[in-house]
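Before I ask anything, here is the structure I am working with.
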Amino acid sequence: MLGRFLPKEMGFFDFFEKIAALTIEACNELLSLATDSQNIAGRVARIKELEHQADDVTHECIEALHKTFITPIDRTDIHSLIKRMDDIIDSVDAATSRIVLYEITQMRSESRSLAEVLVKASREIEQAVHNLRNMKHPEKVKENCIAIYQLENEGDAILRSALVRLFKEEKDAVLVIKWKEIYERLEKATDRCEQVANIISGVVIEAS
Amino acid sequence: MLGRFLPKEMGFFDFFEKIAALTIEACNELLSLATDSQNIAGRVARIKELEHQADDVTHECIEALHKTFITPIDRTDIHSLIKRMDDIIDSVDAATSRIVLYEITQMRSESRSLAEVLVKASREIEQAVHNLRNMKHPEKVKENCIAIYQLENEGDAILRSALVRLFKEEKDAVLVIKWKEIYERLEKATDRCEQVANIISGVVIEAS
Amino acid sequence: MLGRFLPKEMGFFDFFEKIAALTIEACNELLSLATDSQNIAGRVARIKELEHQADDVTHECIEALHKTFITPIDRTDIHSLIKRMDDIIDSVDAATSRIVLYEITQMRSESRSLAEVLVKASREIEQAVHNLRNMKHPEKVKENCIAIYQLENEGDAILRSALVRLFKEEKDAVLVIKWKEIYERLEKATDRCEQVANIISGVVIEAS
């Protein structure tokens, strides 16, 4: 009940941190799955669960936004930030559900590298939104964003070499179709981390 | 001439209802086409025509928006709503023109199920925008939105089983490429129905 | 130093013209590459360079926007315009880097036709943003936009016949996958020219 007397504005940062934590957990599940090809179905189901929880956080955040008159950062930024954060976990879920759907039983090594990039990027995002609470240290937030940009470049490079190897080595065209989609969806997740970093950068610039 | 003295705000709901009616007609053509594989080319051409008409409605609506000072609902919502409604028919047209382009002569059963979902969803959208005129009954609009969310989930499930069957049964990789794209474009149309429902929900929340 | 006393508003049109010039150069490289299949890697690398420069222009423009209180045209339009202009060169770069990645050594004739459309469309965009400076002649800007819409339709028609021929003639499913993606990315670049024209049209309508 005390919560109702707390400054309402705190709520938005809580939503951001909550969805960041869910994203980290989903990326960790992805990494485990890509590492040992064991219990793929169970891990994919867990990622789907986390994705649903992230949807709920997003909806709650947007409802809170509609009911709040004064917001700690620009309304549009809150809306974009929560939506774009939710997009990351959506991409991870889309990629992993394809793994089950396409009956993939053996993971390819580049999926592990992409998962590692995503674990790192989601941790940087968590720190960035945490640091957003304290606008006195914008340089810390900027460092997180720069790290995310570098990780996105890394993800892009991994996708490229993954595709080169796939097209060179895989003779089964249907498997090419399947893996190309999985890789591209994972790389899209790293792109979406970059989009989140862009919004966060904008918030910091505006506040400075 | 009398029209000029009518409240200008009415116009926007007219645009929404007009584009909703065009969408329903396009989805019905899609359903007929998916049901009997007869006169595919003619039906696809008719959908293209409807898509052009929807473009015209969208342009007129946006021009009207630029010229209107006071709007019945938030300007940004009007802009997003008409654009996202137009996106639905664009996706239907994109899917069906692929059917002709790829010289598909035999429809697969799941395309019919996706068409049925789209017919239902477009009818819910028509009712939702109609009910938006009368903000006294927001619960009706909410019911329409919930129905659309359920239909989108249904569309997603159909896509999944369609892909599983396609990858299992179809040995011709080129046919896999063709049908995967057609299915995904149809499912994207249901996603876009959900996006429309999201905007409509937002309008209702804001008004309450 | 004199620059600081010049009206700040001039800056935004400079950014638009700069990115338009980079886009024209990238499209010309694409056309050369599609014409003679010589030095593909070198030209693709040059396009990547131009794409990075366009990114820098976009970032500078958005930073300037955050620091500018009074803008010559609507803030949102400046933001959308620079982002959507940057998207064009991104699509060209995405298409051409696939050419190298997929180890394509022989270009197909339709890639040349798409490149020609892109060269023409990017020139129209350059003229349109140049003409935006002088709002006294909105009809000129409108002519540029109409030309862009026609070019986008042309691009769409080329994509269609390219896909028909590809699916009919190419028996290697993996080559179908590769070229389908390259064509679609090139056609997406023409779509993005249309989106730029839409924003420019909106600016002209708002100013009239």
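Think of it as A, B and C in the order they're written, each chain with its own count starting at 1.
The criterion applied here is as follows: contacts are C-beta pairs under 8 Å (C-beta built on N, C-alpha and C of every residue); 3 or more make two chains touch, one makes a residue touch a chain.
Remember, predicted model here, so these are calculated numbers, not experimental data.
Participant: Starting from the defined contact criterion, work out which chains touch subunit B and subunit C both, please.
Facilitator: Looking at subunit C and subunit B together, the chains touching each of them are A.
Participant: Rounded to the nearest 5 degrees, what is the angle of the rotation that puts subunit A onto subunit C, matching CA atoms?
Facilitator: That pair's rotation angle lands at 120 degrees.
Participant: State, to the nearest whole Å, the distance from the C-alpha centre of subunit A to the C-alpha centre of subunit B.
Facilitator: 29
Participant: Mark out which residues of subunit A touch at least two other chains, giving numbers and ranges.
Facilitator: 173, 177
Participant: In the complex of these two chains, what residues of subunit C are touching subunit B?
Facilitator: Touch list, subunit C to subunit B: 160, 163-164, 167, 173, 176-177, 180, 202, 205-206.
Participant: Please give the residue numbers of subunit A that touch subunit B in the complex, ascending.
Facilitator: Listed in rising order, the residues are 62-63, 66, 97, 101-103, 173-174, 177-178.
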